[in-house]
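Below, chain A partners chain B and then partners chain C, in two separate complexes.
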Partner chain A sequence: MQTRGPSIWERMLSIDRRILYLLLFANIVLFLLLPIRMRAAVSPPVQKFYDEIEKLQPGDLVMISSNWSASTLAENQPQLEAVIRHLMRKKAKFTLISVEAQSRDISYRLASRLTPEGGYEYGRDWAHFGFVTNLIVSIKGMVNNLPDTIKKDVRGTPVSELPLLKGITSLRQYKMIIDVTPSATVPFWISYAPKETKILYCPTSVMAAEAYTFLDSGQIKGMITGAKGAQEYEQLLGIVGLGTRFVNAISFSHVLIILFIFLGNLALFMNRRQMRQEG
Partner chain B sequence: MDLQQFLPLSLDRINVWIGVLCTLAIYSLLYRENPLYRFFEHMYIGLAAGYSLGPLGVDILYRYWITPIWVQGQWAWAFLVPFGMYLYFIYSERYGWVSRLVIGALVGTSAGLFFQEFASRYVVQLHSTLSRPLWMSSANPEADLFGVITNWVFIIILVSVLVYFTFSYPQKGVVKNVATAGRWFLMIGLGAIFGNTVMARMALLIGRIYYLLSDWLMIRI
Partner chain C sequence: MWQIQNPNTPTGQLILWMIVLGAFIMIMGLVPLLHALPPRGRRAIIVIITFITGLFFAIEFFLPINKEQKNFLTDAIQPAQQAVQVITALALALGTYGLVRLHLRNVVQQRAQWGYSLVLLISFVMMATFSITNTLSEQGLVEKTPLLEQGFKLLFDYTLVQLDAAMFSLIAFYIFSAAYRAFRIRSVEAGILMFTAIVVMIGVVPLGATISPYLPGVANWILTSLNAPVQRAIEFGVGIGGLAMAIRLWLSLERGVT
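Let's look at the complex of A and B:
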């Protein structure tokens, strides 16, 4: 008796996952190389983020909490680059602080590379406070006495001697805090930072869904979600950064994944149906 | 492409080639489990842990402990690190109680801090929830139709999910229906989080492929 070969649905269900990886890889390469850039509809949290920075006056001081490392570079780097460029456009001064050891050097190098574009000078227009291990204690310390808590910047200069921080004794004198992070650090800023200081948030996409409660209650004033959010922000700024370069690949890799899910489910149901018909 | 610029003949290019080797070795797991992947996985973890010792030494121990003691003569700080190291007595059966001194200090501090955190984090959210306008009236001139509908959706989801997690009475009849709705709303929320997770993982993969194309193969994107 001749046995029936596997049906197309059975073949689809037993497809080697490495073929799917290869298709995904080819799809990403193709859409990265595609010279056309898609435009995005700017989401309300990104628009709010942009509007808040637009309200800054020249000379206003902003704290950037940069807590990402190499593992989330693709999401957090475009965010931080776009934010620094916008701050420089508004002539706002900023200081960076990291609760993640790797981020200390990554964010310092990134800011050192970008700031000459805006004519910014270290110590006068921006500074890096280095690495802190306990964010809660650091925030509370900076609220009470910033120079005594931070002591020295990443270059070993006492922060009280930096022209940028002349007359600055507390975090209360900052206009804004921007948290660029893949970790759950924003609740600490919300809880312990001065209430009059606005908080903006740049999470990775994974963290974004949980932050909508903070956005809804007004505890954070705006949010850039991952690389996709960075692309929307770059669009508002009229620049082409990493977010814009990634957007085609991000969008079409999702289309491909949705297609895989659809075909997988279709194969499953059709296979079940075929087996029922065959008894 | 200029072959001289592509090959690892300068320090910058050697860095890029090492990055490429690490990227390909880590992604080789997608093909199958292999010793090269294992080696680079352990190397990455070791490097990340070792790297953090540098900033920890320079920015924390030197700045907050060694400088006050040696430069400013505040010798009392010398007791701080030994006190922290009492935690390691937890491995001793005889002197394990010593570690409880440190644990007590840590738990006490955390509990104290949590009061402030709870008030700042959740009370504001409760206030925001309870002060939502649920109808349009002269008392709420800012409330528009879309906002009111959104607020009703919010309240319905909030109550349903709270009912789902209330186990003080049997979930029967209307309560069961509301709890079921709460479970569905939760599923939608978790689905949104998972969707974002997929997007994050894709972005990380795209970041590495961008590195291969742009930094290694020097293709202008």
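Let's look at the complex of A and C:
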């Protein structure tokens, strides 16, 4: 007796995962290379973020908490680059701090590369406080006595001797805190940072859903969600950065995933129907 | 707080070094002492230290503050922060020692897959050498030579960062495969979930605005009006659970703490 071979639906249901990987890889490479530019509808959290930085005056001091490592580079690097560029445009001064060991080097090197664009000089316009092991204790310490808590910057200079921090003794004197992170560090800033200091948030896309409660309550004043948020921000700034370059690959990967979820369900439905018909 | 007067003078430096040496000898003496103690005695010490340190942070947080936004414990936060840094550094040194010892033994005794241990040891030594020297050069303590600059760039920017990013990006491929195989509409609820997911996935990217100007608004409404209240409820639950867990850890009631 001749047995029937697997139907197209059965073959679709047992598709080799390497084919799926290859399709996604080709999709990402193709849309990274294609020079398509789609205008985004700027989401309200990104617009609020932009508006808050626009309110800064030249010389205002901003703390950037950069806590990401290379694993989330594709999302956090476009955010940090766009934020630093905007701060430089507003002539705001900034300091960086990292609670993630690898981020200390990544953010320092990134800021060292970007700051000459705005004519920024290390020590005068920006500085990096290096790696701290415990964020809660560090925030509390910086609120109470910043120079005593941080002591030296990444270049070994006592922070009290930095022209940038002349007369700065507490985190209370900062206008804003920007948390660029893939981890749940923003609740620590909300809990322990001075209430009068505004907090802005740059999470990875997967972390953003949890932050909408803080946006609602006003504890976070604005949010850039992952690389697609960075693209919206770059659009507001009128620049083409990493977010703009990445967003097509993200958009069409979403389409591919949706298409294959649909195909998977169609194959399941048709296969069941075929089996019922065959008894 | 107690501070050394004029730490940059020869006498101040001598006092500083004596304190460092004294603390080192004390800690080195404490470790064998703790090892020699019976488990019950060791547990008592750990429980007491955990309780006192936890109590310090709790009292400092809850006590009322004066006009200078301080209470009588606030000034002790700096030494506490430094103590945390020292403990972390000690833990890191201990972890490094354990790691190197294990892999060195693998290589010397040529155990199974000792080649991986050799790669780890070589990578570890190279990365540590270039990283420490690079940090010292940033602080102007050693000269920044082209070899150091290029070596660090090769190891950090072109190797570690790229490998780390590549490892994480693999998740996208697993998500794609899992979504295709597992996301099945077997009920009305699953259908609603899928429809919502599609609207958000397309609505939050620029393609959504290209398809329809209403899609981003709908996606944002789902995130703020449906997602946020549910997240808030979950966070309340997690918060209460976290508080209960923190109290159990503070009072050393959690099994495995000691």
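Note that the second predicted complex is superposed on the first by the 279 of 279 C-alpha atoms of A that agree within 3 Å, B and C clash if a C-alpha of one lies under 4 Å from a C-alpha of the other, contacts with A are read in each partner's own complex, and residues count from 1 in each chain.
As a convention for this text, a contact is a pair of C-beta atoms (placed from the backbone, for glycine too) under 8 Å apart; a residue touches a chain by one contact, two chains touch by 3 or more.
Nothing here was measured: the structure is a model prediction, and the numbers come from that model.
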| item | value |
| --- | --- |
| Simultaneous placement of chain C and chain B on chain A, clash or fit | clash |
| Which of chain B and chain C A:Tyr21 touches, first, second, both or neither | both |
| Partner chain in contact with A:Asn265 - chain B first, chain C second, else both or neither | second |
| A:Thr72 touches, of chain B and chain C: first, second, both or neither? | both |
| Partner chain(s) touched by A:Ile250 [first = chain B, second = chain C, both, neither] | both |
| Touched partner set for A:Gly218, first chain B, second chain C, both or neither | first |
| Partner chain(s) touched by A:Ile106 [first = chain B, second = chain C, both, neither] | second |
| Chain B versus chain C as contact partner of A:Ser43, first or second or both or neither | second |
| Partner chain in contact with A:Val29 - chain B first, chain C second, else both or neither | first |
| Which of chain B and chain C A:Gly141 touches, first, second, both or neither | second |
| Chain A positions touched by chain B in one structure and by chain C in the second | 21, 24-25, 28, 69, 71-74, 102, 105, 132-133, 154, 209-210, 213, 216, 225, 228, 250, 253-254, 257 |
| Of chain B, residues touching chain A in the complex | 30-31, 48, 51-52, 54-56, 58-60, 63-64, 67, 113, 116-117, 120-121, 124-125, 127-129, 189, 192-193, 196-200, 202-210, 213, 219, 221 |
| Chain A residues touching chain C - in the complex, by the definition given at the top | 15, 17, 20-21, 24-25, 28, 38-41, 43-44, 69-74, 102, 105-106, 109, 132-134, 137-138, 140-141, 143-145, 148-149, 154-156, 172, 209-210, 212-213, 215-216, 225, 228, 231, 247, 250-258, 260-261, 263-265, 268 |
| Contact footprint of chain A on chain C as seen in their complex | 60, 69-70, 74-75, 77-78, 80-81, 84-85, 88, 131, 135, 138-141, 156-157, 160-165, 167-169, 172-173, 175-177, 179-181, 183-185, 194, 198, 201-202, 204-210, 213, 216-217, 220, 223-224, 227-228, 231-232, 235 |
| Chain A to chain B touching residues, read off their complex | 18, 21, 24-25, 28-29, 32-33, 69, 71-75, 101-102, 104-105, 130-133, 136, 151-152, 154, 187-188, 190-192, 204-206, 208-210, 213-214, 216-219, 225-228, 242, 245-246, 249-250, 253-254, 257 |
